[in-house]
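By written order: A, B, C and D. Residues from 1 in each chain.
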Amino acid sequence: MDRKINVAVIVGSLRKESVSRKAALALAKLAPEHLDLHIVEIGDLALYNEDVEAAGAPNSWMRFREEVRASDAVLFVTPEYNRSVPGALKNAIDVGSRPYGNSAFSGKPAAIMSLSPGALGAFGANHHLRQSLVFLDMPILQQPEAYVGGAFSLFDERGELTSEGTQAFFQQFIDAFASWIEATSKVDALA
Amino acid sequence: MDRKINVAVIVGSLRKESVSRKAALALAKLAPEHLDLHIVEIGDLALYNEDVEAAGAPNSWMRFREEVRASDAVLFVTPEYNRSVPGALKNAIDVGSRPYGNSAFSGKPAAIMSLSPGALGAFGANHHLRQSLVFLDMPILQQPEAYVGGAFSLFDERGELTSEGTQAFFQQFIDAFASWIEATSKVDALA
Amino acid sequence: MDRKINVAVIVGSLRKESVSRKAALALAKLAPEHLDLHIVEIGDLALYNEDVEAAGAPNSWMRFREEVRASDAVLFVTPEYNRSVPGALKNAIDVGSRPYGNSAFSGKPAAIMSLSPGALGAFGANHHLRQSLVFLDMPILQQPEAYVGGAFSLFDERGELTSEGTQAFFQQFIDAFASWIEATSKVDALA
Amino acid sequence: MDRKINVAVIVGSLRKESVSRKAALALAKLAPEHLDLHIVEIGDLALYNEDVEAAGAPNSWMRFREEVRASDAVLFVTPEYNRSVPGALKNAIDVGSRPYGNSAFSGKPAAIMSLSPGALGAFGANHHLRQSLVFLDMPILQQPEAYVGGAFSLFDERGELTSEGTQAFFQQFIDAFASWIEATSKVDALA
């Protein structure tokens, strides 16, 4: 490909020191050169409300939708809250998907990395998010699945991955996503 | 029982004319006399962020947690957004469940009615919410399942149910919930 | 209670040396005295087929339905196959739930322990099974959730739990189920 | 493309007069000429059991695995049993996915049509199946989602679709799958 692939990265936690954010930044560093990963912020998005839309969408919604729309693909990096997608992330999905018939996400290839301090790797959040992506018509990377456990010991103080095994897995994951984007970006052309 | 059972009703849509809100009000009217259903608002809750919690929880969070904590049971009435729980509702769950070890929802019996304009009755939102309730330790009513389709024609202009069949189903649902609350409220006493 | 509580235990793996079976037997030993856990076998059940039902249900189906029907509660102990419930276990559920209107499972309190060799503890199987239990109208124990990882090192050669921590968790789980059965067995009486 | 695309169709019901089977046949007729849809039978598959595998896989398992392996893509057409995938279909997935490291499904593009007599269109089965396909590494068609309700009145006595609207939807679905197969079959080549 001749040009850079623009990947919107949506981080499911709003904490400054969020491990999901650190994982997103680590993936951005490891990504193939033709992939440009950048975080699209969601912390300022008002809760979705159709009445508010009718009265005029807030700037934060417009900004978010434009950033997603300008991207070629979307990477979600998220923790799990209460066995599902964090409310802040689900709200961003709701905001970006509206108004009806004009979703910013439509057709964009996607991948998910989910992380938890414990062993389960946010499996519940990962698969709930996948169910939303069906409706959003986002071709989703299947393998490698990325359920990352023990998240609080993944990074050192500078935000670098502490284990070579984890780094190799992150590399495999982002490379697979790059291939997935390339393949599925041809779907529309063929259709 | 001698005293009123206090049921917090959480509505998943923020629209003023939301069908979910109308359904909640209809259920409140049909409920057995010893059940007191009242809506706990979620539209003013800031997005959950652990940094904000550490700096001091906003009043809106404290108010929501107290109202849930003061209830004996929780009824969720919700639409589906993008095949899952609306972000605003998921955020309310996240806010009410924190800080860790001090969830406002813990142990309270719950029921879910989900509604959609189309045929599917928000099945996806209904079951994603159930997965969260496992973590929240809320004994959940299984039957009758309430996937209510064709939601935009359920109510007349005064907010009254237009069909006797629907009204009978709503009655059956809220009566079953009343029995469920009575039975499961003994779990802790027995434990 | 004056009489024994009869708990049907359904094991999701057909392997002789299945870790799920060992976990089921360990739970049977740890159960409070008034709980009688016994495994109801599912390996001989022909695949559910409504045509076969119409021609006359096989003996294996009749035997299974009777054993479930004779129980007061049902405990599922299962691995995960392909991120969901093993086919053999799902088939047993289908067989036991039919014919329509005459499900053997109806109303019986249930609990799930899921196990995997890896870290994820068969979370996917656990929650898919929960979705079926909603339809089957089985009041389901919410906490403690039992996602048991590292399953291949749980038992010694005699089938005894090797770790005190695991044994304490198994004890907590089966005790919580005992309380759950006692509480929810009153639902019908109250209704 | 120069050659025919070979699509294995797996039908989730074993009934002779199954509506899912009729839908599969209708889709086969409507498919673009370069797509060759044929049903791979699952009714004779013994329940998956690793001990049986170790002793020598039955002929039925070998036959099923070979037929899936010989295909370019897989189409699932299924009802819902107990809010999930029918046991017979889940068993077929388990059989085809083993032995470990040698899954017959790996990498093959997939699509799902789910059907129910009622309104819900087997949503629960559809999405549980999707969760398995993640593990099986099968790129899955996202849109159009195919939750087909009112299934018992879809076909006339000769098995022809009775409604033009349904026929148009079936056409759209199978055409989208054809495009999806073409696009995603390049993933490996690119990787």
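The rule is simple: contacts are C-beta pairs under 8 Å (C-beta built on N, C-alpha and C of every residue); 3 or more make two chains touch, one makes a residue touch a chain.
Just so it is clear, the structure is predicted and the values come from calculations on it, not from any experiment.
With respect to chain B, maximal separation of chain centres occurs for D (centres as means of Cα atoms).
More inter-chain C-beta contacts link the pair B-C than the other of A-C and B-C.
Distance between chain centres (mean CA atoms), chain A to chain C: 36 Å. Each chain gets one centre point, the mean of its Cα atoms, and the points for chain B and chain C are 29 Å apart.
Residues of chain D found to touch two or more other chains are 83, 124, 127, 131, 134-136. Listing the residues of chain C that touch chain D in their complex gives 13-16, 43, 45, 47-52, 81-95, 97, 124, 128, 131-132, 134-136. Within the complex formed with chain B, the residues of chain D that make contact are 83, 119-121, 123-124, 127, 147, 149.
Of all residues in chain C, only 127, 130-131, 133-140, 142-143, 145, 176, 179-180, 182-184, 186-187, 190-191 touch chain B in the complex they form.
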